[in-house]
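Next, two complexes with chain A in common: one pairs it with chain B, the other with chain C.
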Partner chain A sequence: MAILVLRITIMTRILFYICASLLLILFTVISAVSFGAANISSGDVLSVLSQGLGFDSDVSEIKQRIILELRIPRFILAFLTGAGLSLAGAVLQTVTRNPLADPYLFGIASGASFGAVLVIASISAGVTGMAIGQIGITAGAFIGAAFSVLIVLTLSGRRVQIERMLLAGVAVSFMFSAGTSLVLYASDPDVSASLLFWTLGSFTRANWGNLLLPSCVIIGCLILFIGYARILKAVLAGDETARTLGVNVTRLRMGMLLLSSLMTATLVANTGGIGFVGLMIPHIVRRILHTRQQYLLLACTLFGGIFMVWVDVVARTLVENNELPIGVITAAIGSVFFLMVLRKRSWID
Partner chain B sequence: MALLEAQHLTWRVNDLAIVDDVSFHIEKGQFVGLIGPNGAGKSSLMRCLYRVNEPDAGKVLFADEDVWQLSAKANAKNMSVILQEHSDHLGLTVWDVVSQGLTPHKQLFQWDDANDHALMHKVMQQVDVLALKKKLFQPLSGGEKQRVMLARALVQNTELLIMDEPTNHLDVHYQTDIMAKVKSLNKTIFASFHDLNLAAAFCDHLIVLDQGKLVASGTPQAVLTQNLIADVFRTQAIVDHHPINGHPRITYHYHD
Partner chain C sequence: MVVSLLFGHCSFGQEKSGKDIKRIIALAPHAVELLYMLGAGDRIIATTEYADYPAAANDIPRIGGYAGIQLERVLELEPDLIIAWEGGNKEQDIQQMQALGLPLYLSKTKDLDDIPKEMLALGKLLGLNENGKSAANEFNNTLKQLRAKYQSKQPIKVFYQLWSEPLRAMAAGSWINELITSCGGVNIFSDMSLDYPQVSIETVLVQKPDVIIIPSHHGSKIEAGKKWSSWPEISAVKHDQIYYINGDILHRFSGRILQGMQAVCDSLESARQFKTE
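Here is the complex of A and B:
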């Protein structure tokens, strides 16, 4: 009887979290999509969305096109980016047991940025054809990220030791950042201006066509990470204890690093470099929710996505008729956040 | 039948034998203590047993199976381990830390079920940590942390429990508290000790290691002699009987 009550309690709690998350996403999409240069209300957004359920909509065609072809894809890309980077940060923080780990610390994002910038600069300079396009940029980003992971893993020793891994990551990050700066310096001034804006992060390239790959990668990785949640939690006990709990720590750490790279590269190819999200969101979620590993991953995905959507709203509306780079806003919020964290040491102890 | 057997175990670092041709066995239900001075190779020997240090020579058998031929997961179903130092567990609660013990018994995508929760409740009550279940692990006291580690090991539900200096950093109350709890489990235990009186009080059998070699093995009464303590620990001591429990009692000469 007690077991049955416990089972019902667990199921009710899970159902509550699912409903609350869906409502939160619905609220975010309706309110965030209404912000922007064109005058669109939350009612318009709700009306256009309800068309999909067979209801009639009296919203003008131009507004419908803005909502469906510009703002919704942008919302989805922003959500995927925040979700993916937060998820990668949460996983990397877990497998390295380092609360400061994120895709940037291991050089993954720098490698991906370098690869993508190199491909974009080559297209602009006519070295490669325009046909290479989005897939070429994604491939360039992934090759750059994979290269950085390869260097980090090679330098991390046979058992992929955390300390060596972090030091190698910092070195690789600087190396690829230098490479990106060199490409920017060597490019045509017009090209380097647009490249610079892109490296600081932007969702302007969002359209339905380039959402499929990041959606598949983020959802696929999320499912895998949730499957591995128990093993990820065991790694928090330390490498030696995790081994005695039956975990192959070396293989797990390599696998998680590669999956995080895949997610980061896919996102960087679409949005450029956006820092601090992968560091900040898992930190906050872990601190506030004290939740279990599988719920932590889901919570990071949800709150990371919502956070990024609102950062995008700020980027689009803070300065009239101008759009701020996303990375500038996340870095500003992130640095203030870390100053606050340092003032209150218990957050990092 | 021996539950665990070390056969001519040798483990080297750069040609230096840290564990040097060590052989012994542990019977089912025995409480075996490992003692020896600092640097004797106690932790290194234990790591060979629980599959962290791969031996350069020799074998470790659990129920006649070579542990190094088993997967990490299969081995984790045979033996649980409590180390002397603990990770911070990055924001995990006591409940989460105890649930780590279920890891080797679960597949990917397999969550804790109501039976697991019932087991965890029972074990946490047994070692007196149920009241701490929602607290964060990291700020707990040393004694509380060690009891949580014991609860995790019990949830892992293995025949053999290995403990590397389980009473390190604990005060006298927590030392006797944790040892009494361990002793009451009626499991097969292999534990290393620095405190010879504690080893004498709780162990059925002692193994003495010095410079990587096994130098003595037997009951506490047979092993803990004045000569052995003088030779291995380089300390003068008087060995007599504990007035209440009757086991050997060691009194050290602190001044010449």
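Here is the complex of A and C:
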């Protein structure tokens, strides 16, 4: 009897969380999408969205097109970026048992940036054709990211020492940043200005066409991570404990790092450099929610996405008619957060 | 004594003037164009990348570019005059050349009216007074004629797409804004606080320009205008009023800028016929 009551309470709780999340997403869409240069109200957004459900909408055609072709794709790209980076951060923090791990700290993002910048620069210089586009840039980013994971894992020794891994990550990060700077320096002034802007992070290129790849990658990885949530939890208890539970820790860690690299690379290829989100969101989520690993991962995805959407709103509206780079805002918020975390707890435990 | 040796006499060579200036280093493409125009092109011994007009300028040795200049090469060449560009050349490079006491002329051109002033100043400096005066007069007359013809015509809303990735415009205070208003146009981003504001497709949609002008460099032009094709709500797109004008002409403070201005005025004039419809 008691077990049944407990089950029902858990079920209602889960149902409550699902409803609350959906409402939160809906609220974010309606309010965030109504910000921008054109005068569009939340009512207009709601009206255009409800059109999809068969209701009539009296919003002018130009406003409809602005909402559907400019603002919603941008919203989705921002959400995916925040969600993906937070998810990658949460997984990296788990498999390395280091609360300060994130795609940027391990050199994954700088490897991805280097790969992407190299491909973009060669497109601009006419070395490769324009046709390789998004896939080519993503592939370049992934090769760069995977390469940095390999270096970091090799340097961190056979029995992975977390501190060594972190230091190797920092070194690899610097190495690839140097490569990126070199490409920037060697390019034409107008190409390097575009590249520089790209490295600061932006959602300006969002359109329905280039959302498919990042959505597939992030949703796919989310499902895989949730499937592996129990095993991830075992790793959290220590490599030895995980091994006695029958987990091949080395292979798991490698797999998780590569999946995180794939997510990071896809996002970097589409949005450029956006740091500190992967560090910050999992931290906050873990502090607020004390729940199972799979729910934590889901919560990180949700809050990361919503956080990024609002960062984008700030970027678009802080200076009138002018857009600020996303990476600058996240780094400003994130670095302060990083310092606060360092002050509050001793993190080598 | 030692101090004076170190700091007092560290200027290189004697200050020369007029026809005695035979070895010039011109550190900006527009300076090279002006020198050729004044008839002093053959005195240039070194320049920077992108100085490609007139064709003869391509043969001048290069000693620097976008990322800075090679100061040691400058010293080695023992120039009688260096023409540097305030705002274009790196601030540190200019300061170092000043500290070394090199014979420096600073080009500070900011708007159209500064160009004839510079022609006069350089003409005087190089002993080519008459050439300077006639070049300046010709420039002033053409500018006056263009303004008289176009400035008070029916206003046309213009989006000057300085850059496409990211999308950048030019605000008031720039010479491009001056070009546009002189042609009877209204720059849709003239009230922005930054010089080169980054804008979005949406902000352009809201402003609905009658004409879009894209400065083209190295033939990358088709990509830059393509993004507009799906927005016929903008009258410039609807009436096919997107113009590509050679950016080297529009962005260099030389005599050729008036050719660019003529092209801008022509494109505005062509957009006007759709305005009256």
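Assume the second predicted complex is superposed on the first by the 336 of 349 C-alpha atoms of A that agree within 3 Å, B and C clash if a C-alpha of one lies under 4 Å from a C-alpha of the other, contacts with A are read in each partner's own complex, and residues count from 1 in each chain.
In this section, a residue touches a chain if its C-beta (ideal position, glycine included) is under 8 Å from a C-beta of that chain, and two chains touch if they have at least 3 such contacts.
Since we're looking at a predicted model, the values are computed, not measured.
Visitor: Now for A:R316: first (chain B), second (chain C), both, or neither, which partner does it touch?
Guide: A:R316 sits against chain C, while chain B stays out of touch.
Visitor: Using the superposition on chain A described above, determine whether A:N248 touches chain B (first), chain C (second), both, or neither.
Guide: first
Visitor: For A:L155, is the partner it touches chain B (first), chain C (second), both, or none of the two (neither)?
Guide: Neither chain B nor chain C is touched by A:L155.
Visitor: Now for A:R230: first (chain B), second (chain C), both, or neither, which partner does it touch?
Guide: first
Visitor: By residue count, which of the two partners contacts chain A more extensively, chain B or chain C?
Guide: B
Visitor: Please indicate which partner A:I66 is in contact with in the superposed arrangement: first for chain B, second for chain C, both, or neither.
Guide: In the superposed model, A:I66 contacts chain C only, not chain B.
Visitor: Both chain B and chain C contact which residues of chain A?
Guide: Residues common to the chain A contacts of chain C and of chain B do not exist here, since the sets are disjoint.
Visitor: Can you tell me which positions in chain C touch chain A when the two form their complex?
Guide: For this pair, the touching residues of chain C are 66-67, 163, 165-167, 189, 192-194, 197-203, 205-206, 217-218, 223, 230, 233.
Visitor: How about chain A: which of its residues touch chain C in the complex?
Guide: Going by the criterion above, the answer is residues 36-39, 62, 65-66, 69-71, 130, 185, 188-190, 193-194, 197-198, 202, 204, 316, 319, 321-323.
Visitor: Which stretch or stretches of chain A touch chain B in the complex?
Guide: Against chain B, chain A makes touches at 2-4, 6-7, 10, 93-94, 97, 99, 226-228, 230-231, 233-234, 236-238, 240-241, 243-248, 286-287, 290, 292-294, 349.
Visitor: Can you check the complex and tell me which residues of chain B touch chain A?
Guide: 47, 50-52, 71-77, 79-81, 83, 86-93, 96-97, 99-104, 106, 108-111, 113-115, 117-118, 136, 138, 156
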